[in-house]
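Below: one structure in structure tokens.
First chain written, first letter: the chains are A, B, C, D and E, and each begins at residue 1.
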Amino acid sequence: MKLSSVKNVSKKIGLPPGSLVHIGNHISETTSVSLLKYSADSIEELSISSPKECSDHITDGYITWINVTGLSDVNTIGDIGKNLGMHPLILEDILNTSHRAKIDDSDEYISIIIKVLNYNEKDSIIEREQVSIILGDGFVATFQEKKSDIFNGLISRLQHPSSRLRNMKSDYLVYAIIDTIVDNYFALIEHIGDKVESIENMLFESADSSILNEIHNLKREMIFLKKSLWPLREILSSLQRSDSSLIHSSTSMYFRDVYEHIIQILDTIESLRDVLSGMTELFISISGNRMNEIMKVLTIISTIFIPLTFIAGVYGMNFRHMPELESTWFYPWFLYSLMLAIVFGMLAFFKNKKWL
Amino acid sequence: MKLSSVKNVSKKIGLPPGSLVHIGNHISETTSVSLLKYSADSIEELSISSPKECSDHITDGYITWINVTGLSDVNTIGDIGKNLGMHPLILEDILNTSHRAKIDDSDEYISIIIKVLNYNEKDSIIEREQVSIILGDGFVATFQEKKSDIFNGLISRLQHPSSRLRNMKSDYLVYAIIDTIVDNYFALIEHIGDKVESIENMLFESADSSILNEIHNLKREMIFLKKSLWPLREILSSLQRSDSSLIHSSTSMYFRDVYEHIIQILDTIESLRDVLSGMTELFISISGNRMNEIMKVLTIISTIFIPLTFIAGVYGMNFRHMPELESTWFYPWFLYSLMLAIVFGMLAFFKNKKWL
Amino acid sequence: MKLSSVKNVSKKIGLPPGSLVHIGNHISETTSVSLLKYSADSIEELSISSPKECSDHITDGYITWINVTGLSDVNTIGDIGKNLGMHPLILEDILNTSHRAKIDDSDEYISIIIKVLNYNEKDSIIEREQVSIILGDGFVATFQEKKSDIFNGLISRLQHPSSRLRNMKSDYLVYAIIDTIVDNYFALIEHIGDKVESIENMLFESADSSILNEIHNLKREMIFLKKSLWPLREILSSLQRSDSSLIHSSTSMYFRDVYEHIIQILDTIESLRDVLSGMTELFISISGNRMNEIMKVLTIISTIFIPLTFIAGVYGMNFRHMPELESTWFYPWFLYSLMLAIVFGMLAFFKNKKWL
Amino acid sequence: MKLSSVKNVSKKIGLPPGSLVHIGNHISETTSVSLLKYSADSIEELSISSPKECSDHITDGYITWINVTGLSDVNTIGDIGKNLGMHPLILEDILNTSHRAKIDDSDEYISIIIKVLNYNEKDSIIEREQVSIILGDGFVATFQEKKSDIFNGLISRLQHPSSRLRNMKSDYLVYAIIDTIVDNYFALIEHIGDKVESIENMLFESADSSILNEIHNLKREMIFLKKSLWPLREILSSLQRSDSSLIHSSTSMYFRDVYEHIIQILDTIESLRDVLSGMTELFISISGNRMNEIMKVLTIISTIFIPLTFIAGVYGMNFRHMPELESTWFYPWFLYSLMLAIVFGMLAFFKNKKWL
Amino acid sequence: MKLSSVKNVSKKIGLPPGSLVHIGNHISETTSVSLLKYSADSIEELSISSPKECSDHITDGYITWINVTGLSDVNTIGDIGKNLGMHPLILEDILNTSHRAKIDDSDEYISIIIKVLNYNEKDSIIEREQVSIILGDGFVATFQEKKSDIFNGLISRLQHPSSRLRNMKSDYLVYAIIDTIVDNYFALIEHIGDKVESIENMLFESADSSILNEIHNLKREMIFLKKSLWPLREILSSLQRSDSSLIHSSTSMYFRDVYEHIIQILDTIESLRDVLSGMTELFISISGNRMNEIMKVLTIISTIFIPLTFIAGVYGMNFRHMPELESTWFYPWFLYSLMLAIVFGMLAFFKNKKWL
């Protein structure tokens, strides 16, 4: 993730508001536009020669889904925007992929900016992609940073004439898109939950401080995940309660369902953060305890030998008059008895004190 | 508990909303339906041959309690749902046992999803089961993940013609069901409180780091418990203030009573979490202190012997001219006096410094 | 305190709501009822032969204070309740002494459940007793767990014909009762404040880890105290703003005064908790520092002697050709100069490094 | 500060509400009353012979400022209170100097209780004094615990006929009094900010644990400061929005200004607390690091000498057949080479490991 | 930053409210006034001879931007204020640069006080400058502490006749000014994000406690940054919802855009604080672990040699009857075998225990 949310925005400093500049990482992705026009009876994929044709395909009785992938061609995006009658600030937000998730509810359309989050197994990072959704009268426009297969399931569901998607208005398509994205969050959270659990199992086995680093990284991911998803509460709550004519009361219950999923995800993130905080604390004290145990044993070994060495030193002194030295039996008695007595005495003392 | 709340949801990704898929652990439990039909005057248990018969048994002047156990037979559940006129999203929620507790207040029925929590002594884990309650006009339908004896007390109370249950409407039955579940929470919390106390008593006696693990586990249980129970506040507060025609004003005071129990439980969970946090801190510093004491004593022993060993080393030197070595009385005087003086001098010094 | 708030509730599991079961510790206390009937002009103590007589003594123009002590006789309490027209749930709450403080504002009476807290010097614990107050038209009923002298001051004030108590309505008596209980909280908090201060003074003098335990206990007491007193905010705020005909506008200012006392108490509890948290931290680091100092001095002593012992060891070697050993003046010079030089050199080095 | 906020209140337990008892520390200060009567045209200082004369000096077209210093003479205060028509509870609050800051907005007057905070350089404590302000129609009464010069600037401004004070109503005088007190808070906070900075500079230089104590004291001061000032938000916000006829709309902007100062002070207190928390942590880890460094160096010294001592010990053994001992050149070679090799080898190893 | 927010305010204590005193650091900067008058058709820079001329240049159909730099000349500022009809309290706030960001919405103008934050690379501190913006009918007045180039981009955009700035009202100019300042915050946050990342990379490489100091400084900067920017939420939210006739509905969407930027910045600050807190914890435990590892190795070295030294000491004793000493082969066998056996035995034991 790498704190990317605060990056690249400075590129825009000094430009007038509404300036179309693409701020993002997938800058090389070429822009392509695809149209899907459907009603309860028919569905067809359309190709357009110019971005200015978009609005020609929006007809009464049909829903047109305009899907734009790749944000590098600022002019094309600008043309589509003008063609669909969008406010320059909305276009600016679509291109600025470091933007916070948001909703704008104007009279003619509702624009939603939302993040798709994917766990990249290879690099162990969470990839973030921005999807902008414009809900207008009879059409839905989506803008993705790059081609992805996230909406494939949706498109194949659209092929079934009996599917609810085909029989509802454009607001239901927006719901289905958001629901797909939110289901992705569940997969991500589940993945993170697995990682937390596997780290938890390692806590009591290993003292490797790389665990600490992994916990730290997960914690940071949680911080930024929460920051990314928090605005969705507001977005879905305002979709659900919207009095815009674009949102029909029959769809509003579906938005409420997604709203509750978001609450559940945010709760889980919060809980995982709490668990991770507890784990840091636990790791530190377990590894502290383990180290203390080692030092204690080492120190006990030294402590046992130091008095013995002293006694050996005493009888290594060169005094002329040390009667003990003359005695034949003093040496073995001394060595085998006194010293062993000291050793076992100390061990018994330590045992008694519960230091061993 | 094992973070299970985020598990298995991914199974549903890509399916259209309202798809009936059972997400849960008790997947093998067969689905069975039992009916209890009662009024102030009579009570009878009914058996049905097909899920589509349910609505036939709902008659004016009687309350019918349809209890479904086992969620594996998705078709049966779907048929019951259609038969009772439930929205597909509600059915989906009933089958998804990883769902957050929630309430849905539509015109025709109120649906409540709630968790039953049981402490499993054998495995030392909290078992969680989802119970969905549908309150309709003249009937209450409950969906449990598996057969359990939690409602036995309720059913035996229903047998008494004079019981308040028999003389109130279906909303009072819903209250009684929720009250039974909430009373179970009290037992769970009481159990956890006992464990916290018993760990607290061990804190000052043992330095075993397994205590830390137990505290960590309890803390994590508290985190997920709070997450599970938090939505109940909202649910009961909205039941109590509901202006649905299904909730009568005479029952609303009972819902308020349960609401207050929930608040009390949440307060207690919060307090226990605070106490547990204090205990981790306390354990770490007590065991740190104890270890420090041990190291101090060991180091004092070494420190006393090291100068003595040095003195012995001095008189072990082989210099030709060391007049002390020739003296007859120097050795005993030296050994018994100087060294003892050093030992007692150091001990006195340490005592004076309050190191001993 | 011993987490008692979550205890004994399980006794009730499985019973129908409104079942009168006494949940509490003072179970052996016999139930006795006393009546005090007063107006501006007269006051008399009444004795009743049966609990069903209570309502006979409630007359216009007089205020009757029915004080019940001891909750063991469930039937008597039930009879009084029925006699005064109380809802079964209220009676259940009065008997369940593990209940959270609460207020119920029905049309005919206002019931308040509140805790009396006393510091038991002997056992160093906070004793908790539940007092339930029922404010009806022309009467106030109080239910205490056991006989106590907490209301003696109030009763003696009632004897003075000119006291405000005698000249106001029954709501003022309720105010006076709550005010007495809240004044008790101040005494308790003052007592705890003294203990905090005395522990604070010990922090810099002693390293005994029993201090940690005392801080931990005080912290836990604060957690449960806050939990106990928090609901009082709501209770007094709702008394003050009540539009019940039982609360007169002239009394409402008095309730506001108590409300502010409660806020002040809760603020103080919060502050004391913060101070106690700081003290744990302080104790741990002071005692860590002190231990470190000791270890440092001990290690410095060893470090000074170890090179000396090495030098003594060198001249204790048995090489045939060690010219130094033959020299007459080498031994004293060596012993008194070289070694002293090493000792003072090391001490100077440590001093210079500010290790001493 | 010494947790004084919870002290001395118990003196009142058992007394009826509204009892006039002085609770405070400046109990010996005699009570004196001074009057200042002014209009746009004139100003005169008045002396009164009896507290009951106060109201005689309140005339239309003039503003009378009654300043009472010293709260020991309860009767005088009571007489002034009755004379000005104040509620007994207000008088009780004025005399109880452990009271929380508060505002009471009755029909005839507004009473404000506020704390003056002064930093006592000599004893390094924050002194707290209570000032009560009564704003009535045409008069302002202030009650101070003791004579102080805090209002001198205000009084000298009143002497200028052109000052805004002389040309506004009594509510502006109240504003000016509160503003003076709040300006004092800024001085206090500035002083504390200086102390925090000077401690911060010492953190990296000294390991003296008295720093920890100073941080702890500052933190505690912050806790109680916040507790003291927090109610001012509410007080000033309610003054600013008051619809009392005593507050004129032209003054309300001034109250808003003070309100914002209070917010700024509270923000700063919060920030300073956060900084102080960071400093404790920093101190503990810096001093821990420093101690670790010392122990490391000492241990390295021991570790270098211990193998050397062992080698010396080997050649101090009395075996008959130790050929090395016979060699003439072995001793100097051994001493000057092998041992130096070991020393430099170990130093290089430690250096390589970055332990030195 | 140096806690400067609480500095210099005491200079004002005792002065009447509304006194014009400049409180700030750039006190020597001379005051200069520049005027920019523009409409959709024309733009001209004006010079004025006296501050009292300002209002003469405000004409219908034109927007006049009065930019004042340097706040030292209190009289000039006072004259401009009076000339534009500003309230004395607003002028006081403009001159008091330690003031909290705020908005004042009077009937005739809206005044906004806001902070410009710049990262000073050289001294590694955040420089703070106050900018006050007065939005009146047909004019905008800005007051800066010193000359800066922050508005240069804005001024050059104003030169283009087709720019939106030229075609909108004065409220859009205010928006553009605030937007420029907020863009600056993004640059600052981005800069801090870079620093956090670079410190994070150092955490695992170095144990230098200066890292701790850097983290502490960043944390403190975050605390004060949050404190500085927090009021902007309120300011922009009130601009966006303002019903003042000075704010046109077409501009309100732009203010909402800035509002969301502020929310994003505050979220990022909060996240960075959380990350920094995690880093302190991580650093402390990593460096603790590293130190423990060192001590462990050193202690192991000592522990291995201490028994060897003891054995050498035993055979250095001068007992007459020590048969081993006479043996020819005992010495080499003893030295090369027994001692090596002990060494390898201990190493194997430590390895087995995973201490090495």
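Annotations for the structure displayed:
Throughout what follows, a contact is a pair of C-beta atoms (placed from the backbone, for glycine too) under 8 Å apart; a residue touches a chain by one contact, two chains touch by 3 or more.
In this text, all values refer to a predicted model and were calculated from it rather than measured experimentally.
In the contact between chain B and chain C, the residue numbers used by both copies make up under half of all numbers at that interface.
The rotation that brings the Cα trace of chain D onto that of chain E spans 70°, given to the nearest 5.
Chain C and chain E have CA centres that are 42 Å apart. Centre-to-centre separation between chain C and chain D, using Cα means, comes to 26 Å. Computed centre separation for the pair chain B/chain D is 42 angstrom, with centres defined by C-alpha atoms. Listed for chain A are residues 288, 295, 299, 302, 306, 309, 313, 316-318, 322, each touching two or more other chains.
The touch graph of these protein chains is a ring, one cycle where each chain has exactly two neighbours. Each chain touches its neighbours in a single ring, whose members, counted from chain A through chain B onward, are A, B, C, D, E.
Residues of chain A touching chain E in their complex: 2-3, 5-10, 12-18, 87, 89, 93, 99-100, 102, 209, 212-213, 216, 219-220, 223-224, 227, 230, 280, 283-284, 287-288, 291, 294-295, 298-299, 301-302, 305-306, 308-309, 312-313, 315-318, 322, 324-328, 330-331, 334-335. For chain B in complex with chain C, the touching residues are 153, 157, 163-165, 175-176, 179-180, 183-184, 186-187, 189-190, 193, 196-197, 204, 253-254, 257, 260, 263-264, 267-268, 270-272, 274-275, 278-279, 281-282, 285-286, 288-290, 292, 295-296, 299-300, 302-303, 306-307, 309-310, 313-314, 316-322, 353, 355.
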